[in-house]
Each structure stands twice: as C-alpha cells, then as structure tokens.
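Below, subunit A partners subunit B and then partners subunit C, in two separate complexes.
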Partner chain A sequence: MSVAELKERHEAATAAVDSLRERLRQKRQMLLDNDLVGYSRTQGRAAISFSSTDLVCCRTLQGHTGKVYSLDWSPERNRIVSASQDGRLIVWNALTSQKTHAIKLPCAWVMTCAFSPNGQSVASGGLDSGCSIFNLNFQIDRDGNIPVARFLSGHKGYVSSCQYVPDDETHLVTGSGDQTCILWDVTTGQRLSVFGGEFPSGHTADVLSISINGSNSKMFVSGSCDSTARLWDARIASRAVHTFHGHKGDVNTVKFFPDGQRFGTGSDDGACRLFDVRTGHQLQVYQQQQQQGDNSADSPIVTSIAFSISGRLLFAAYSNGNCYVWDTLVGKVVLNLGAVQNSHEGRISCLGLSADGSALCTGSWDRTLKIWAFGGHRRVM
Partner chain B sequence: MMFLLFLVTDFFFSGLVRSNVRVDLSELPFYFSGAVYLIGDEFFPCLVCIAKSSCISTRVIHSLEAMGCLCSKQKPVRTSDAEENAKAAEIEKRIAQEATAEKHIQKVLLLGAGESGKSTIFKQIRLLFQTGFDEAELRSYIPVIHANVFQTIKILYDGAKEFAQNETDSLKYVVSLENKVIGEKLSEIGGRLDYPCLTMELADEIETLWNDTAIQETLSRGNLIQVPDCAQYFMKSLRRVSDANYVPTKEDVLYARIRTTGVAEIQFSPVGENKRNGEVYKLFDAGGQRNERRKWIHLFEGYDQALFEDETKNRMMETKALFDWVLKQPCFEKTSFMLFLNKFDIFEEKALKVPLSVCEWFKDYQPVSSGKQEVEHAYEFVKKKFEELYFQSSGPERVDRVFKIYRTTALDQKLIKKTIKLVDETLRRRNLLEAGLL
Partner chain C sequence: MATMTTPPQPAPSPKSPPRYPDFCGRHRLQAEVQILNREIGFLEEELQSLDDLQPASRSCKEVNEFVGANPDPLIPINRGKSESCCIWRWFGYLSLSLSRSLSLSLSEKLCAGLSWICCCGRSSKAKGSSCSCAPPKDGASCGGWCSTCARPEDCCSCCSCSCTLPKRTAVGGICCACGEACRRFWSCAPLRRWSCCGLRQCRCRCRRWCLCRSFPSCRPCPEYSCGCVWSCPSCNGIRLCARFSKPCCVSRCLCP
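Moving on, here comes the complex of A and B:
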C-alpha cells in the first residue's frame, strides 16, 4: 500500500472516531437529566456557612529554597514530605514544624513525592524518568544525605506523579510523561504492569496525576494532557475500565472521593469536575463564572485538588494564588484560602489533607508550606 | 544563578515528521544536518542562549535567619526532645551551607531536540575540561556504535525501497538483486530491539549494500528519510569498528548517537588550571524528554505559558517563534542571550545547493555569488535576521542585556573550546559589571 493511501485511510479512520465520539457525547448529554447541584437544590440543601476563622493557618513551614511542587502526609504520626525545585525532599513534623529529614536528590528536577503507608520511606520522581525510594531510617552519610534505597527505572519520560498503594509499602503506582502509568514492586524494582503505552485504550498524552481508590486499592484513576481521566483496574493492564471526557484542557490533578465511588478532577480549563465511577457520568462541574471581558487565555488553571474527609468540601488550588473551598453539594465557593490573612504569596501548587482529616497542608511557589486547621467548633469536616 | 542555553540546530528546515507517515518534502528543501534519527520523534529546534536569572541566594539567607524568630511566634511548640531540635538545627545549617555553595555555580540548561548537538557538546566538554573518557567507558560505546550502524543501513535500505515505489524516477533507487537479499536481512536485524554484535561478516555485507548505487542515491536524499549524521562516518570505518579488538576513539564516541533519557548533567570549570578565577558551570541536558515541554519547563524557570508546536510549521519558524517568546518573558529581562548557530559545517554544504529564500523567514534573500563568499553572505543574512528579531522583541527597558551570535560545529573541539571561553568571559564581565567593579 502506498504512503498516500495509508494517509487517506488514516484520515478516514480519525474522522470515524471523531464522529463516534461526538455521538457518544450527545447520548451522554441526553442521559444527564440532572447534576449534583440541581439535585441538592431540590432537596433543599443550603451551603455550609464558613467564615474565615473556621480554617486558619496555624503553621508555616519554611526551609525550602525553591518552589514547592508536591507534598504528601504520612498515614500516621503527622509528618509531611515536600519536594521542591531546589532538589530537596524535606520531611517535617507537622505538629512542631521541625524538619526531621532533608534529602538532597541525585536529580534535582523533582515533580512529585509520596510517603509510604508505614511512614518509613518516601518516594520521589521527576525529570530523571524514574522514581527514587529513600528509607528514612537509613544512616545519613558524611554529607548528611540519605542514599537512594532503590531507583525504579523504566519510564521513558518524566514521572509526574507517584503514590504508594494504601496499606502496602511494597507496591507503588507512577504516572509519567511517556503517557503510561506503571505499577511497581518496590522490593525488586520490577514493573508489574504498564497501563497504556502500546495498548490502544491508554492515554494519548502525558499523564499528569494519579489517585488510588482508598476503598478498593485495585482501582486507580489517572489524569492526562489529552483532557481525559481514565479509570484503571490494576489487574487488567490492557485496557482502561473507562475514559472520562468533559474537560477542555489538560487534566492536571485527579483525586478519589473518600468513599471511592467518585473522583474529582482539576484542569487547565479552570474547572473541577466530579465523575461517578459506576456509571461513568459526570456529576458536577465546579467553575467560577468568568467576568465579562476576561481574556480566556489568562483564566487560572486548577493545579491541585483534595476532598475533606466527608467529601462535603472540595479544596481546589489555582494558578493565580487562589485556593477555593467548594461546597460540593451546592456548588458554591464557601471560602478562598488565597484571600485570607497569612495566605500564600504565590501560586499554590499542591495540597493534601491529613490522614485524620483535621488539617490541610498547602505547598506553594513562594517556597513555603502552610498547615491549615479547622478552628472553632469544627474539628473535622 | 541559573542560565538557559538553547541550542539552535540546523537552521533551516521544513516539515516536522511526527508519525510514521512520511510527508513529501521535495518542494521544501532544508539545510540540515541529516535527519532526525528516530521516526516519530518530536523535533524542536532551539537557540543556544545563555540566560541569567535573578540571584535568589541573598533572599534565601535572609529568610533562613528569620526562620528562627518566626517559629517561636506560632503556637507553643510541644516540649519535643532536645534531640529533635538539634537534628532540625543541623538540617537547617546544612541547607544554608549548600545554598551558599550553590551560589557560585552557574547553571546552564541546554534545551533542544534530538540531533541539535547537545549530547555532543556534553561529550566535548568532558574531553576538554574533565578527564575525558577512560578505556572502560570508551568500550561501553561499542554496542552504541554497532547499533548506529545497523540502524543506519536499515533506514537507507527501507528508504530506497520506498523511493523505488513512489518516486517518478524510481529506477535509480532499485537495489540490485543480490544486494536485495542482504538488504532484507539487515532490515530485519535493524528492526529488532536488541542488536547482534557487528561481526566482520556482517560488516562486509553492510559494506556491499552501502556501495550499491541505489543506496548512495538514497543517501543523497537522506534528509527526507532521517538518515543520522553519523552515517557516513561509521560506514567509512566499517572494518575498523567491526574488528574484534576495537576500542572506540574519542572521535567515534563523539559521533555515536544515543538517546538520552532523563536529565544529563555535567559540572566543569573552563579555566581548568586556575580554579579560583574560573567560574564553575553545571550543564543540564533535558532534551531526552519527548513530551509536553510546558509541563516541566517551569522546573528550570519561572514561566508558565505554553508554547505550542505546530506540526505544519517548519522548524526555522518554530525557532523564530521560540526565540521571540523567550525574549519577551519577564523573567529574562536582564538575561543575556548567546545564540549558537550549530552544525555550521552542514550549513556550508547545503547553502550552496538550496537557496535560503525557500524558508519563509528568509524569503527576501538574494544570493550574490557562489562558493565560500556565498556561504558567508548567507550566514550574515541569517545572523542579521536574528538580530532584527532580537531588537524587535526587546523593549527599551532591556537595553542592558547582551546579545551575541556565534557559529559552531559541536564536533569541532577547538571551536567549542574557544566558544566556551568566550561565553565564560562574557559572563564574568557581566558579573563584574553588576557588582559595580567595571
């Protein structure tokens, strides 16, 4: 077959795929009779009243000499690991704000970090296209550094996101710029499964974020530059369980809802969406209405999201320094952490809720991390 | 301090080949160092410029000092053990020390696509300013060189087959019958994930095929099918590289082409002997990433904008767009740029064969003569175009930044050494200027 013929067939196939996709979208639209906010309204739900004293910044963690890109809480003992542009991982004691470990990474270009379930190790990944594991109990060497316990190599692009499988420190999932996600066995360094890549149902652009289901650790969701989020079953690497369309820009962040039946996404299009895992439908869009005359090219992108422990609150960080707290049921912003006293001075790049849900930590390009605790009569939301 | 070094490669050029579908580029010639090696790569031409961003070290020191006071203002610290406090203090001290040490290292980032010559510059620097390669390392390049040979001959053979099918004067691309057998075999080998060792027998067969007129014809149109730069070099030394006791020479290593993954880094001091006067440079090469640059470029600088690469644009226009964009970035206001027009040797060859005016940006070019004069004239024209672009994109407040253009051939060691010395001098002069000493 000649090149010209191949081209023609390729174009015809692409057109067919596009039209099928459009039909799917329309069908879904028809089936969507309501969204979460609409439903809550019929139930007479009102927004939570949230004042600026309900969530206060009680700690500012300083010490990084570069922008903070990623953070993760330890599952217990209230420690936080953060990764920064200065090429360091710092482990903090969240209660005393003291640094317990500072690790100078062999490759300074780090983009993600994670705490292991037993709190003994931390993982980090970045432009070195691999994931480095550090055991916090190891002896520090003469330069004060912890040596790499294991290096997981195999990705062909940067590692944008990594997470340990809940309650299992021997397994780790990473998302990468090579469009695949990989499930690793940490003890041997082997790749157990590769999600995407040659398989047709994988992402077609860089994977930017992953989130493992807390209630069913065999399922995880990934968000990518191809504007979709895909749900995967770790046991079946050959095809994604479902692909979620809807966003109009890179999906920068994905996070499972606490009950594991839904997940949220945040994207370059400035919106957050809530998707249902079982039906594959979109439940809600969370987006601030743009003022008239706003240049759409400057609209802030969502960099990171997290849910409160009940799921009632969705914390979303944006590139313009705002951090909205959305009431997920009513679809309204109840607080902007970017506008309160003592807020960050730069873009908030990452945020995460502590294991018991009593505190939120935000990391920013202003080189600091801040811990926010629920004040007043609220302990946990 | 952080610097940005973009590498401009082959400076004119057309069609970006992104998929396995080959676009017929015969009406758009390109001046080009040879093809980008692996089909399916993303090409991104780049400019070599050295940029200096604002020094953050003084702010860091201040914030570290302030840290001690701030902590006590917060909620009363639980009476944690003295050990924890001591450890934390130790960590802070170490961070401060590392920050001061890093202040003296000029960080340079090389951005560019495959084939723009970045890895070659790395190797050159190793040879020039470090201890170079020891025998074990030289040997480690043998599989790479053998792989390059297999890959090259496969590309040529497959290319000849395709031309024979599609070109109007297809007869000259038809490989002779005996060589066809060899060709099919080599093509199969070249398509494997792991290559066999290059034995004398295989080398002989490759040489026979290489000498086939059809293959040579295909080579002359090498830019259409992405024949790697090193093709001629290794093919001429087949006997040598397939010898059982072959140890690659430094030049061989420079030509060997391997795809870098992750970020490569190298630290060196141009004025090797007198370390005190010489600046210490740390060079980073992130070119191995074949993905959305906008998602990680912020690791190196402060910008968040996306730069879209249009598949239909030609590479020169992309270089122009990138350069223009970089010049306008607020974080580079005080940044000096040094543009390296790389692979000048190839430019010399091509400039005489294909008129510059074919590239949209240079469409007002008029050739004046021929031979060496013409090459110089063409080069000056390109240089002037970049200078114009620079001044257009620089507002009045950016007058104090320096802009220089150099021509380089990354494979020429003397040239690289001279260029780096020039760069070093310019940067040091800038530093002195800033410190008010000049």
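Moving on, here comes the complex of A and C:
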C-alpha cells in the first residue's frame, strides 16, 4: 500500500473514531436521567448537620521538619505512616502520638507512602523513580536508619502514588510521572504488569494518584494530568477498562467509594466527581460556586479526598487550606475542617480514614498531622 | 581508409545516492492505522454495550441504599429534618464494632485516658466526661500566650499550648507568632504577629512575589524553593524547573 493510501486510511480511521466517540457521548448523556443529589431529593434526604464541636482535632502529630506530602493508616493497630519534604518517613502511634519509627530516606524527594496490609512494612516513592520498601522489624543500622529491604525500579519517571494490594503483602501498585501504573511483586522486585504507556490505551500524561478497590482488589483506578481517571483490571494490562472524562484539569486524587462500585476524584479544576465503575456514569459533581470576579487561575485545587465509611461524607482538601466535608447525597458542604478550632495552618495535602472509619487523619504543609474524630456525645448501650 | 571515431565517452561523474523510500514514516503510519482500527473495534463494542446499560438513577438508588444501610461513626446522631431515626444505625455501628473487635473503636480510645487530651466540645458537659485545663508537662510554660480557658470547649486547644519562648514558633497553630516561619517561605511585608493560643489564625499575609527573582513566573513561592524539581534519566541529580506544584512540569530537563 502506498503512503498516500495509508494517509487516506489514517484520515478515515481518525474520523471514524471521532464519530464513534461523539455517538458514545450522546448515548451516555441520554442515560444520565438523574444525578445523586437529584435522586436523593426525591427520597427526602436532608443535609447532615454538624456543630462546630462535633468533629474535633484529637491529636496533633508533630515531628516532621518539612511539609507533609502523604500519609497512610495501617489496616490494624492504629498506626500512621507519613512522608515529608524533610526526607523522612515517620510511623506514628495514633493513640499516643508517639513516633515508633523515623526512617531517613535514601532519596529525600518523597511523594507517597503506604503501609503493608500486615503493618510490618512501609513503602515510599518519589523523584528517584522507584519505590523503596522498609521492613519495620529490621535492625536499625549504626546511623539509626532502617535499610531498604527492596527497591522497586522500572518506572521512567517519578513515583507519585503507591498502594499495597489489600490483604496481599506481596503485591503493590504504583502510579508514575511516566504515564504508567505498575503492579509489582514486592518479594522479587519484578514488574508483573505495566498499565498504559501505549497510545491510546493508557494515560497520556503523568499519573498522580491510584486507588485499589477494597471489594475487588483486581480493579484499581488512576488519576492523571490528562484530566481523566481510568479504571484498570490488573489481569488485563493492555487497555483500560474505562476512561472517565469530565474534569477540566489534572486529576490529583482518586479514591474508591466504600461499596467498591463507585469512586471519587479531585482535580485542579476545583471539583470533585463521583463516577460509577460498572456503567461509567458520572453520578455527581461537588463544587463550590465561584465568587463573581474570581480569577479562575486562583481557584483552589483539590489536593486529596477520602470517603467516610458509609460513603455519606466526602472529605476534600483544597490548596487554599480549606477541608470541606461534603454530604454526598445532598451535595452540600456541611463542615469546613480548615476553619474549625485547632485546624492546620497550611494547605492540607493528604487525607486518610482509619480502618474502622472512626477517625480521619490530615497531613499538611504546616508540617503536622492531625487526627479528627467525633467529639459529640454518644450513648453507649 | 577512413577510421570510425567513437564519440567521446562522457566524463565519469559520481552518481547521486539513491532515493530511499521513507520506511519510518510508512511503518509509523501503518502502526497508527492499526491502532486506530483496534480503537474503532473497542468503541463499537462499547456503543453496543450501552443498549443494556442501566440509567444513572439506578446507580444513584444503589448509593442511597448503601449509605442508608451502613452506620458511620463520624456522623452525629439524629440530625437533619426528615431523616429516618438514626438509632438503628448506631445499633448497627455498635454491633459492627463489637463484631470486629472487643476493644473500643479508635475514636473512643482517643477520647479516653488523659483528660487533657480529649475530644472536648459538647461532651465536656456530658455525664462521665471531663475536660480540665491541665498545664503542659515537664515544666513547660505557655508564658503570656495562654490564659485559663474561658469555656470548657476551649480546653483542648488551650491546654495543648506548648510554647516555651514568646518568639518561638510552634507548629500546628498553637501559640505561635508569625515571624521566622513566614520569612522562611514567603516574603511577608509587613509581618503580622498573632497571639493565637486558643485561636487558629496564625498566618502571614504575604505579597505575591517570589524570593527567587530568576523565576518571575512563580506564584506564590512554591514547593522546594522557587520551582519544582524534576528528575530525568539524562540528569545526574535533580534540577529545578520553572513551574510549580508538580514535578515533571516541563518537557525538558534543565541539566547543564
């Protein structure tokens, strides 16, 4: 076939793809007969009402000497690992605020950290383009450091996010600035699958966040600078199961809804969105109305999100220091943790809910972490 | 006898190199056409699958049912108007807690024990709980920054005051002064000093200009000084790049 004929075919195929995408978009639009807030209104849902002392800061974890970038709760035993600009991972006892480990990282430019399911190891990743695994039971060396148990190398760009596969100490997923996600065997250091990296199946820009489905650990979602979130099946690396469009800016954070059938996203466009995994529908947008005259370039971006254990609350941290608590069914902000007493003094960069859903931890550029819990009165039966 | 003269041979001249066909472009085009055809197949499949897809309202119903069926330890009891009674949710939550472990939930552990680290608030007046303003340990003094708590609800913030020196900056918005901390990251003009024990406001209002004059586009002073860092294979180390907030923000590495 001549080059001219190939060019004609290329043009025709591109037009066919564009036409099919438009038909898909229109057909999907027709299936959006309601959103979550509209449906909840028909059920008579009213907004959750918080007083200023219902969710209170119970602990402030101090010790980092740089901005906190990432945190993760241990699945058991109420510990938290945090990663900071100071080049350290700190493992905290959430109840006593004590530090159980302070790990100096080989590469100080850390962006993400994660606890293993059994709580024996922590992982970190960053600008060294790799993921370091530390065994918390290892002997501390003469410099007071824990040696790297395993270094997962293979990404061609920075590691922005990492998470162990739930209930599986041996597998971990990373997201990277090289536009791919990788599933690793932690025990051997091997890359088991590379997700993306090939047009058009994968992300076309940096991957900034990943979240593994707690109900089906074979599925995970990734958020990217290409303004999309993608759903992946760990068994099929060649192509994303679905691509979720809607955001107008980088998708900085993704988190599965507690039922495992939906997930939330937060973006540079200042909005959070809720998507349905099985159908691909966008169920809801959570965004504050812009003040008139606001410069869109100065609009706060969403840095991190987390859902409460029932899914009724969506915690969303923004670059302007706010931390809104959204009522997911009513679509209203019911509390701003950034404005309550004892809140952070800087941007909240990361959020995480404890395993039992009774406490929220926030990490901030003010170098501290704070633990929030329900401070109102309860009857114990 | 006449002799035949052959016409003079033209002078030898080097031949031009042969024009090779553009294999790379052709192969690349072929590969792209293959990818596009595969994408067409996927899109047609997806289009067909939409015929059996449930509308969004069904998914919304599922979300409502899930949220209603699951207790949430972070949500107050019996708030909001036409909500169904939440007592059943708390029964559900308690049985969930007990079925998971015989010990208390994390929030209950956080609020038990030492009374000066408690989740104060409305519970301060409830039976069985107390919230006293105990002074910080180890002889630390809050000096002039902390006064006695005017209201029980302020106990938690007031009693956690740990400033030992008036000028010392304590992170976490507790008894801090906007001075050195702000200078480190922003140019603050003018500086403001806040007595923030019991209050959370301790911020420097800074003009939006960057300390790094070589990067006038910084707005405001971002991550690692004035720019973000980028690590790429051809760089021996880490270099600054001109945009903020995320690494990998320029397409090239600023290596020398």
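The criterion applied here is as follows: the second predicted complex is superposed on the first by the 349 of 381 C-alpha atoms of A that agree within 3 Å, B and C clash if a C-alpha of one lies under 4 Å from a C-alpha of the other, contacts with A are read in each partner's own complex, and residues count from 1 in each chain.
The rule we apply is simple: a contact is a pair of C-beta atoms (placed from the backbone, for glycine too) under 8 Å apart; a residue touches a chain by one contact, two chains touch by 3 or more.
Keep in mind that this is a model prediction, so the values were computed, not measured.
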{"item": "Touched partner set for A:Asp276, first subunit B, second subunit C, both or neither", "value": "second"}
{"item": "Partner chain in contact with A:Thr100 - subunit B first, subunit C second, else both or neither", "value": "first"}
{"item": "Greater subunit A contact set [subunit C / subunit B]", "value": "C"}
{"item": "Touching partner for A:Asp141 - first (subunit B), second (subunit C), both, neither", "value": "neither"}
{"item": "First, second, both or neither for A:Leu208, with subunit B first and subunit C second", "value": "both"}
{"item": "First (subunit B), second (subunit C), both or neither touched by A:Asp128", "value": "both"}
{"item": "Touched partner set for A:Asp356, first subunit B, second subunit C, both or neither", "value": "second"}
{"item": "Touched partner set for A:Arg88, first subunit B, second subunit C, both or neither", "value": "first"}
{"item": "Touched partner set for A:Cys58, first subunit B, second subunit C, both or neither", "value": "both"}
{"item": "On subunit A, positions contacted by subunit B and by subunit C", "value": "3, 6-7, 10, 58-60, 62, 67, 85, 95, 109, 111, 127-129, 156-158, 177, 206, 208, 225, 250, 367"}
{"item": "Touch list for subunit A against partner subunit B, complex", "value": "2-3, 6-7, 10, 58-60, 62-63, 65, 67, 69, 85-86, 88, 90, 93, 95-102, 104, 107, 109, 111, 126-130, 144, 156-158, 160, 177-179, 205-206, 208, 225, 250, 319, 367"}
{"item": "Residue numbers on subunit B that touch subunit A, as the complex places them", "value": "21-22, 56, 60, 63-64, 67, 70-71, 74-75, 77-78, 80, 84-85, 87-88, 90-92, 94-95, 98-99, 162, 165-166, 261-263, 265, 286, 288-292, 295-296, 298-300, 304"}
{"item": "Residues of subunit A that touch subunit C when the two form their complex", "value": "1, 3, 6-7, 9-10, 13-14, 16-17, 20-21, 23-24, 27-28, 31-36, 38-40, 43-60, 62, 67, 78, 85, 94-95, 109, 111, 127-129, 156-158, 177, 199-200, 206, 208, 225, 239, 250, 257-259, 261-262, 274, 276, 278-279, 281-283, 308-313, 328-329, 339-345, 354, 356-360, 366-368, 370-371, 373-381"}
{"item": "Touching residues (chain side subunit C, partner subunit A) in the complex", "value": "22, 25-26, 29-30, 32-33, 35-37, 39-40, 42-44, 46-47, 50, 53-57, 59-64, 66-67, 70-77, 79-83, 90-91, 94, 97, 100, 105-111, 117-123, 126, 153-154, 156-157, 160, 171-174, 176, 199-200, 202-203, 223-224, 229-233, 238, 246-248"}
